[in-house]
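Each of the next two complexes has chain A plus one more chain, namely chain B in the first and chain C in the second.
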Partner chain A sequence: MDALFEYRQALIDGILITLALAFFSLLIAVGLGLLGALAKLSERPAARACADGYTTVVRGVPDLVLMLLVFFGGQQLLNSLGGVTGWWDYIEVNQFIAGVFTIGVIFGAYMTESFRGAILAIPRGQIEAGLAYGMTSFQVFYRIIAPQMVRYALPSFTNNWLVQLKTTALVSVIGLHDVVYNAFVAGRTTRQLFTFMFAVLVIYLVLTAISDVFLRWLGRYYSKDMRSATR
Partner chain B sequence: MFTRFTIPVLIPSVFAFAVLMASTAPLAKDIRIGVEGAYPPFSAKTADGELFGFDIDIAWALCEEMGATCELVEQDWDGMIPGLLARKYDAIIASMSITEERKKRVDFSEKYYQTPARFVAKKGTALTDNAAALAGKRIGVQRGTIHQCYLEKAFPDAQPVLYPTQEEVFSDLLIGRIDAQLSDSIVALDGFLNTDEGKDFDFMGGNHIDVECHGEGVGVAVRKQDQDLRDSFSAAINTIRTNGVYQEINAKYFDFNIYGD
Partner chain C sequence: MNGSFLSSLRTLIETYAPLDVIVIIENFDRFLYGVLVTLELTFLSLALGAMLAIPLAIILASDHRIGKFLVASYTYLFRGTPLLIQTYLIYFGLGQFAWVRESLLWDPILSQAWWCALIAFTLNTTAYTTELFCGAIKATPKGEKEAAIACGFSAAGRMRHIILPAALRRALPAYSNEVIFMLHGSVIASTITLQDILGVGRWLNGRYYLAYEGFITAAVLYMILVFFITRVFRYSEQRWLAHLQPRSTREIGAGDKGGMPPTLHVR
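Moving on, here comes the complex of A and B:
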């Protein structure tokens, strides 16, 4: 336990990295998820094909492989591009940005499916009614689809978010020092690996519990017009 | 560059050598070195985030010798060589053994140490370190290391159990999930046998060195095109071996000669 206290700063720094990674990659994932869902439901075959390709490839490749590919492969690609054109000698691919980008792209694919399912759950007649009233398609999305989509998407969104929070641990392989990496290093240095792994377990439980409380509140907020006896 | 020359600890011969190095290896001014940070006693990290250990001291000593400005870059072991090839850093000083397989992708300096591999098992075990005795036994080893190579080559009938880190090998040995483990003797001694957890365990059998797997010792890895840098490191290793700096670092961590023969 003394070792935990001694290495508290490393753990705190790690938690901040983990949270920042999770938060920024969530923004990307939600953005890509919305775009993907709309593309999949679009009437344009090209948009549907793009979105289908995206979700098929990304969901089919292991997260770790994709991360290594973006970080190391992307770096080598940039280097040789610079070498061939002579425009630059070396550009550093920032580890944090590479991590955020990769995790965002991976979970954007899962979010796409969540959002698509949620939009499909909205009765078609509501959308037709909106259009019949003369709303533009943006107005239909903003007034009718979006609020209900959030309600329907929340359960699987919560699921994705919890997995995503834990996926951030993969970034240690590209040299980012998240809470799991820092705990590993501290545990190996002090030879109390188990103590530190237990601390990581508790940290993740606390983080997921906090997000659970918030997401429940969000769920209640978006269901306030759906009062029922069971709630 | 000139501030380096004014460092008072440099004895005249070293000074002369540094000038020589500086003139022959202009590339060696700014060097980023990939290190690990999780392989005590070779590399570990204090609570303040400060790296320390044999590899780290050697890295700084070599930099000093080469008159270079160095930056240590902490990198997870699994991404060590990819990071070098992607130019995240210019050299690796992370107890990386010189092997034929790695030589296909990177170049190595002369060795800066070499220690034998040894098995560790419970005290008073009936097992011995020959291929017949270990047939069907579960032997823990760190994945992607020279020890995995040697285990699979010399003990083909043993059942290798692979782990991402050496600490996990020790953890499972302690729990009893594996019958024995194979690793570097120093790592086993310092990381396990000399700790409270390892008190019921001991070395099993003798030293194992096999050139095909264990290679020619541990060296500094650089990209294949950086041959000047590789030669500078080799020369610097030679110098610190002769001027006593190496022996000082050696004595700080080990009570025997870690360079090998």
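Moving on, here comes the complex of A and C:
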């Protein structure tokens, strides 16, 4: 326990990195999820094919493989691109950006599926009614689809977020100084790896518990008018 | 002539192919061995996990207060934390304690990366599978239970002959997701020095100083495995869940010509 107290700063720094990583990758995931869901529901076959390809590939390949590919391969790709076009000299992909990008892209695919399901759950007549009133498709999305989509998508969104939060632990493998990495280094130095790994376990447990409580509250908030449907 | 064709093919690939295909082909036996390690870890832990999960799920679905609390805490702990940390805790963490290092289990099991991965994966998948099976057991229609009681089944007989067979079938579609998650989760093995598919990919990239080849080969191999696993599950769903499939209108029409109007079963 003394060792934990001694290394508290490293742990706190790590937690902040982990949270920042989770937050920024969530932004990317939600953005990609919206785009993907709209593409999957669009009338253009090309858009549907792109979105299908995206979700199939991402859901077929393990997260760590993609992360290593983006971190090592992405660096090489950017530099050979820079070499061919002469737009930039040498770029070093930093672990944080690689992590945010990869986790965002992976969970964008899962969000695509949950948003698609949520949009499909909205009665078709409401969208038709909106169009009949002369709304543009953007207005229909903004006024009719989006508010209800939040309600329908929230349960699977919660699930995705909890998985995503746990996935952030993987960035320690590419060397980002997140909570896992810092705890591992501290544990190795003090020869108390169990203590430090257990501390990380508890930290993750607390983070998932907090998000669970918050998202449940959000779920109640967004389904105020459907009292019977909430638990 | 054959040799010159191969060598010209090799020059062609070396000059124009974006990936160093030759290196992948030369080390493909290692990748196949990696596939074996991945499949071994995945399916052993899934099998052990399913066996452990059945009794735990029965406890979780029962009215036993203390048992329920213990099982629920276990699943909460293992579902709320990353598999990477669980694996590190077992592989790196247990060595902190002298009594573990001196115990009989240390040399043959707990100091070996393979066993540590198997233990961590099994504990993890057991937690998820327990929740899944518990949900399926709870979803048993009340009438089935009452009918079994009326027929004079004991509590154990009810579980064994009525509830479990139906519940496990109902859990099959969700369980296929768990299998794929476990396959994806097994990449964690490569972080504790094991040569699974990703382990071989990382080794290849390190050895030949490459950026894509090992990872792309690993990604393709994993996708192939996922493809086959989904196929197998689709087939077994057709076989064991046939009674839940929506009947096609044609089938209904062929069955009762001119009789009752065909009803559409929508799930």
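Quick notes
What we mean here is this: the second predicted complex is superposed on the first by the 217 of 231 C-alpha atoms of A that agree within 3 Å, B and C clash if a C-alpha of one lies under 4 Å from a C-alpha of the other, contacts with A are read in each partner's own complex, and residues count from 1 in each chain.
What we mean here is this: a residue touches a chain if its C-beta (ideal position, glycine included) is under 8 Å from a C-beta of that chain, and two chains touch if they have at least 3 such contacts.
Quick caveat: nothing in here was measured; it's all calculated off a predicted structure.
After alignment on the shared chain A, the placement of chain B and chain C results in a clash. When the shared chain is aligned, chain B comes close enough to touch A:175, but chain C does not.
More residues of chain A are in touch with C than with the other of chain B and chain C. Once the two complexes are laid over each other on the shared chain, residue contacts for A:90 go to chain B alone; chain C is not touched. Once the two complexes are overlaid on the shared chain, A:75 sits against chain B and chain C alike.
Touch criterion not met for A:30: it reaches neither chain B nor chain C.
By the touch criterion defined above, A:144 reaches neither chain B nor chain C. Using the contact criterion defined above for the overlaid structures, shared-chain residue A:39 touches neither chain B nor chain C, since it reaches no partner.
When the shared chain is aligned, chain B comes close enough to touch A:189, but chain C does not.
Judged by the touch definition given at the top, the superposed model places A:105 against neither chain B nor chain C. Contact with chain B, but none with chain C, is seen for A:10 once the two complexes are overlaid on the shared chain. The superposed model shows chain B running into chain C at a single listed stretch; among 145-153, 163-171 or 253-261 it is 163-171. In the superposition on chain A, the residues of chain A contacted by chain B and by chain C overlap at 68, 72, 75-76, 172-173, 184, 187, 191, 193-194. The touching residues of chain C, when paired with chain A in their complex, are 76-77, 80-86, 88-89, 92-97, 180, 183-188, 190-191, 198, 201-202, 205, 211-212, 215-216, 218-219, 222-223, 226-227. Contact residues of chain A toward chain B in the complex are 6-10, 13, 68, 71-72, 75-76, 79, 90, 92-93, 172-175, 177, 181, 184-189, 191, 193-194.
Residues 57, 59-66, 68-69, 72-73, 75-77, 162, 166-170, 172-173, 180, 184, 187, 191-195, 197-198, 200-201, 204-205, 208-209 of chain A are the ones touching chain C in the complex.
Residue ranges of chain B in contact with chain A, taken from their complex: 37-40, 44-49, 73-76, 78-79, 82-83, 85-88, 165, 167-168, 171, 191, 195, 197.
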